[in-house]
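As written, the chains take the letters A, B, C, D and E, and residue 1 is the first residue of each chain.
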């Protein structure tokens, strides 16, 4: 059995296990064991992948497995990974694992909660291992729907409104995306040859430019909405602020990455010509995203809103880098996805833990938490520093790769937009430090918070593993960056072959 | 020739006039009678077209059966002399407009079409031919519809029974209603 | 019998009758009169079939048979309709169609 | 009549035999043991259903072209049989009620005769057969809609259905008469050869289409749907929304594909317009509904719109996807209606507000309802997703991307209101929720079948491949 | 060639120490933490001195030039084929010199801190942060490429942030740390853009390649231009922005005085001796490029430095918080160094300014650290920062007094203390090239002497204040570093910088230019004298003077309202007129659009419900009209 299939099988088994066991404690146990296995499996995959590459395997995708599903439409359940997907899978498994522990205290409908959560994870894993547009789309939608219940049932604040908005906007995006995918499918092969959903196969054929012009924007916007592309990002603040901790983590940490990954793997990889022609529109939009999200985050009062806007900014950077269409910037985009995924998951985990203690998320109502709950506060600072791109943490690596890459463009437009995007690092610093200053530092604002406990063991697991990853990538980025970069090479070659610039 | 045409126009005039009266008369029983007249006139048309069998059916089943059924139901539900309030002008107007539009569309389209005359020899439609055709299993045979319509009629009968059947709590309730 | 009368006359007659029936359906208030209007509508169709059969395709009897079956079906339909109308009368104590609107929006 | 022909017509014949058997039983059986009629009927029907699947020679033309059986038609009949079987099982509880117990056998006979009508309609080779089948499929349903004769709403539903359906058959017949007048025949294969698309023919076609559209409840011929669905007993509502509609769609697609390929452009335009209207209007109305049956009525209208999208291409994939979708739709919608029936039988509650907090008291029913609704909304991995995917793919194959876009946007609206129900069940609080109850065996087994269908139909690609293999189109 | 690979330990040891103390500090207790931290520093200090010795005296020169040696290098992150961030150690004259400066001062501060911070909450954290800072600063210093420098540049910034905000419960400290970080971050933005521009045109980050006179950077001096200046010039100006930010040059200087909220040893280490001179170091690092390819940028450096030094000196004269006086003095002195670089040429005696700047950097590090540590000892004794609340302390704090006096004399440029030598070189260099700046320097020299002695007299002489506790001399752990640094301040002037640290690595002859030096000494003495008159005994001269130059005094006292201006820009413009409108726009316009789509759907849905009237005939009407309209559409209107 192919290693990749386990990534779908294990969650499904875990869900089954959760449904079968009776008691809440066992539910958690099963969930954590399942996701722990998944994490180990991801680690194994990384190792195997690197070993394969070392051994000189230069195939574009490794571990390819192809099950015919709907034969007449040439729909396959095709699996395969390159460095990029491996990285994303690793990210996902870490975040999901942390998410399980972050929601350890979930007492209301626990079983249902974990089932939905892991279902969501299944969708994400499935998405990343697929190389068939149909299954990709299937898993994408699969990931979106549990969201509704997770937010609607276990959320807080205007949860029903937020859940509905999030679900509808994302499904709306998937609607556009769906048309885009169909368009690709029906132009995926020259006349007379069987149509295909297989990305690799399609990428070897040049989709007619007229079709690309129609379907590229659809695909890109479809994925872009999930990646919080301005002005379609408004689901994100509401959705994130209402979602329960683990869901915010998964959503901002992983699900938003589906957008970036998809935009790269489907929109740009398959339709590079149109991407080249139209990228300027989206570059403008994404650079707006970057700045706009950062400025938006500056005046928010709710912790989750701050983070949501910050995600808009950071994910905007991902899309921005993807659109630059050169190896360095795109590698940076993937790094940024991973980095943002980890640190935003960390953020949301911490926010959830703080909220669980103070029962408020308004920064003005808290203060001086550093003294009361030092562990969580320090973690928060670390997350903040990662977010503002401190060297030694993952954010820096990603951002610098993007900036350097984007700046290598020969024409002025790209470089000016890059500079605009770079200014976000200052704004980011402003809002991050603002939060840290108000929330954690200074005197304690309300003595009812004096008696809070610091992190419990499961909370520590959740945060420490995320921090460890953030720091590991920040300190030793080379292997990751080169793993991604190597896989990026064929993509770039294809883009260049088509229309060298 | 002329007699033909006179006959036709007479019948058509009757049909049109009585149709209109059927749908406009404010006394329901009269409307039923007008309907009967329309149906009878129609059977006259069938005679003109040489379809005596169908004309007969029209008279017996349609005029004799359905109209009687309708009249019975009228008697059950209304007073004979009951006069309706006239329909609201808005509704009438809209209905008239829709119908007129439909009629104009249909008629213009019909007039637009060139009907070719028949080249085949006409078939003698007598009872023998009808019977043979009705019971034929082959092309142009109607045994299957004939059988199926019996199921239809059975089903309709049961349907009527289902609705009209007395007994159970329903009846009690309706008796309460009457009191 | 039908010589000298163009087929269009029959068709126009049927059409007029059809739409008069439709008019009745749309405007009459009494359920039974609506049913009567329906009879007009269906009757007009029969005229069409008969005319076509006689004028254009006299070598077969399709139109005629069709009419025949229509008459039978209409009879069944009318029977069921009347049964329901009587039930309506029992329930609503009226057969004014405008009053039969418990369900809307 | 050889044995061969009997086998070819086995669906209709067995059904007729079963109906007559029940009729006889009704007459001869001891009144005290009439309870068993349900059981007998369902067993009989199950036998019919199974017999339908038997791999005898399926194709053939009987009665000089009056009756045509092909692989596709057999498939369609089988699909309908499955649906009806589920509905019959679902009806048992309802039929056990005192007020209905005196008309159990009539119920079964009417349903079966309706199904006979549909089967004949699907196998029709001649418009006369088609017409009689259509009426046979309609008239008893009207009576069934008025079945609960002690309820105002039921009576109202009955009268609305029978009158509008008569009008629509009037319009359909008028159209047919024009088709007859311009082609000289009512045999399908002859009509298709004489159909170059004169204006009068188009007129006839449109009127014919309107009559069919009424059955499928396509906008603007749909207005009866909500009222009838709301007023009719729940089982009849599900019958109307699934079986009647499914049968009408089957026959429409056969007629469009087989008889009117020569005016494909016209009917494509027609379907384009009506499908957009149908999806949009159905959705817009569904948003505000409070009665769950009415809600499902509008939802089924918009579903019809999606199905039309699949039909628009006139391609083989289109037919396959439509048939497949009907199968999926049967499971999904009957799942939803099954829950509605169970709740309605147990408590008499039919408003969405009553469903508030249902998950707390009846988790399993809520879950089934949710699965069914998600399947209707086209959420993976449920069958509805695959169904919708193929429908839209079929349209896209012929370049109707714009239509597909509108359709998928409409699925988002529909997702919205499906989620409203899910929200009611899972999120909303309720001081007075529906109490916990345990459904009886038939209800549970019917729901189980539906859930299994919702899951299996999608994943098991063989089902789709089978349907695809049998379909035709260009 | 001697192997310098071991120098990587200079980076690794403090990093490990940081991680260890950060994670386990609270477990092992304060005492051990302090000991470990200090011990680690002792080791790397020793390593640095060994390195300095080996580099300057044991390594054979190539010709007569000190060659830059790449002691270690490994690719850390690959961008493109040519552009990659390497982490490594570059050993060349200035890096070695900086190693000495950083490790010495840091070591002193560590020792000092063990006394100064005793009993403070978060003692372990403090030492962890100090280790982090040492690591970052050393990494910055030895960076062989500009990107490594940027990385450590940021790390230095963050450790500064952490240390300024060490007393995190004090709102002013929190605000100060935030301000320091954001202001420098803003400057770093310029640095980053500069790096990107530079690397885009030269395709390298590597210092050796960049500064090679025949390398791509300098070769492209006349390349593509923008707004009249060459791209290289622009990029060097941007790079300088980063330097200006870190070195608190006008107008980025505002963070430095506030940064005094941190513990005093931190001020000594970071905000006086090491980190703030990183800007100078950066310019020195890139000096060949500035000098050969971007003279305009170099001019900017010179003028900004000159202006800052004068500006800060004026403000320093009016401040009362001793640490703030020292902070402005630091700005002023760094301005001096910048100026010196700015007026310097490349190679040989032309490079006098360069050498002078480095020289001054070196001596300044020693005496400014001394001043701060002394101030720390004073604050430690009297528990206040305000010199108005001090006076007559010379009796209580003899050692502190003495060392402080030495430091003051040094900074005033009185021979034979080291400050005199380095300052003299700078004056000489300025005299050679730019008379205006030269004049500025004289003025600054006088002002410096004045405000330093104003400080000195106010603290140790003047009116004796009633203290709550009798002040007492600091413990040995604090006085020993003072003494060592004082010795350094006295004797460092004799180090032959012109032989060791020069712009092109070649030694050149230089001697004291008495023509320039004597007036400068006189000016210094004059400044001291004025201060003595005004502040030695209590009198009303200062008040009268302040009253006479009321407006000027007020301006200077309020630091020329620069802070207020920044506050206005950030609070009013950025927050109120950019951020809040954006947030509003997002919630109301964008979100509103999405919501209104939903609302419109709902409203339409409500409006059209009338169609479903329950009236059978209306249904039929729609049915018939629908059929007719459809037919009309298909037959008569819509041709494909």
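By definition in this document, a residue touches a chain if its C-beta (ideal position, glycine included) is under 8 Å from a C-beta of that chain, and two chains touch if they have at least 3 such contacts.
These figures come from a predicted structure and were not determined experimentally.
Enquirer: State the smallest step count from subunit B to subunit C, taking one step as a move to a touching chain.
Expert: The fewest steps needed to get from subunit B to subunit C is 1.
Enquirer: Where the contacts of subunit A and subunit D overlap, which chains show up?
Expert: Both subunit A and subunit D are touched by E, going by the contact rule given at the top.
Enquirer: When the mean CA coordinate of each chain is compared with the mean CA coordinate of the whole protein, which chain is closest?
Expert: A
Enquirer: Counting C-beta pairs in contact, which two chains come out on top?
Expert: More C-beta pairs are in contact between B-C than between any other chains.
Enquirer: Quick one: which chain's Cα centre is the longest way from subunit B's?
Expert: E
Enquirer: Centroid of subunit D to centroid of subunit E, CA atoms only: how many Å?
Expert: Going by mean C-alpha positions, subunit D sits 77 Å from subunit E.
Enquirer: State, to the nearest whole Å, the distance from the C-alpha centre of subunit A to the C-alpha centre of subunit E.
Expert: Using C-alpha averages as centres, the distance is 36 Å.
Enquirer: Return the distance between the CA-based centres of subunit B and subunit D, expressed in whole Å.
Expert: The computed centroid separation for subunit B versus subunit D comes out at 30 Å.
Enquirer: Mind checking the centre-to-centre distance between subunit B and subunit E? Centres are C-alpha means, answer in whole Å.
Expert: Measuring from centre to centre gives 101 Å for this pair.
Enquirer: Which subunit B residues reach two or more other chains?
Expert: Only 91, 94-95, 98-99, 102, 105-106, 109-110, 115, 140, 142, 145, 149, 152, 155-156, 159-160, 163, 174 qualify.
Enquirer: At which residue positions does subunit D touch at least two other chains?
Expert: Correct list: 128, 132, 135, 139, 142-143, 146, 149, 158-160, 163, 167, 174, 181, 199, 203, 226-227, 288.
Enquirer: Which residue numbers or ranges of subunit C touch two or more of the other chains?
Expert: 11, 18, 21-22, 25-27, 34-35, 56-57, 60, 62, 65, 69, 73-74, 76-77, 80, 83-85, 87, 90-91, 100-105
Enquirer: Where do chains touch, given as pairs?
Expert: A-D, A-E, B-C, B-D, B-E, C-D, C-E, D-E
Enquirer: Could you list, by residue number, the parts of subunit B that touch subunit D in their complex?
Expert: Residues 105-106, 109-110, 112-113, 115, 136-145, 148-149, 151-152, 154-156, 158-163, 165, 167-170, 173-174 of subunit B touch subunit D in their complex.
Enquirer: Which residues, counting only subunit E, touch subunit D once they are in their complex?
Expert: Listed in rising order, the residues are 601-602, 604-606, 608-609, 611-612, 614, 616, 618-620, 622-627, 630-631, 633-635, 638, 640.
Enquirer: State the interface residues of subunit C toward subunit D in the complex, per the touch definition above.
Expert: 11, 14, 18, 21-22, 25, 31, 34-35, 38, 41-42, 44-45, 48-49, 52, 56-57, 60, 62-63, 65-66, 69-70, 73-74, 76-77, 80-81, 83-85, 87-88, 90-92, 100-105
Enquirer: In their shared complex, at which residues does subunit B touch subunit E?
Expert: Against subunit E, the touching part of subunit B is residues 91, 94-95, 98-99, 101-102, 105, 109.
Enquirer: Applying the document's contact rule, which stretches of subunit E touch subunit C when the two form their complex?
Expert: These residues of subunit E touch subunit C: 609-610, 612-617, 620-621, 624.
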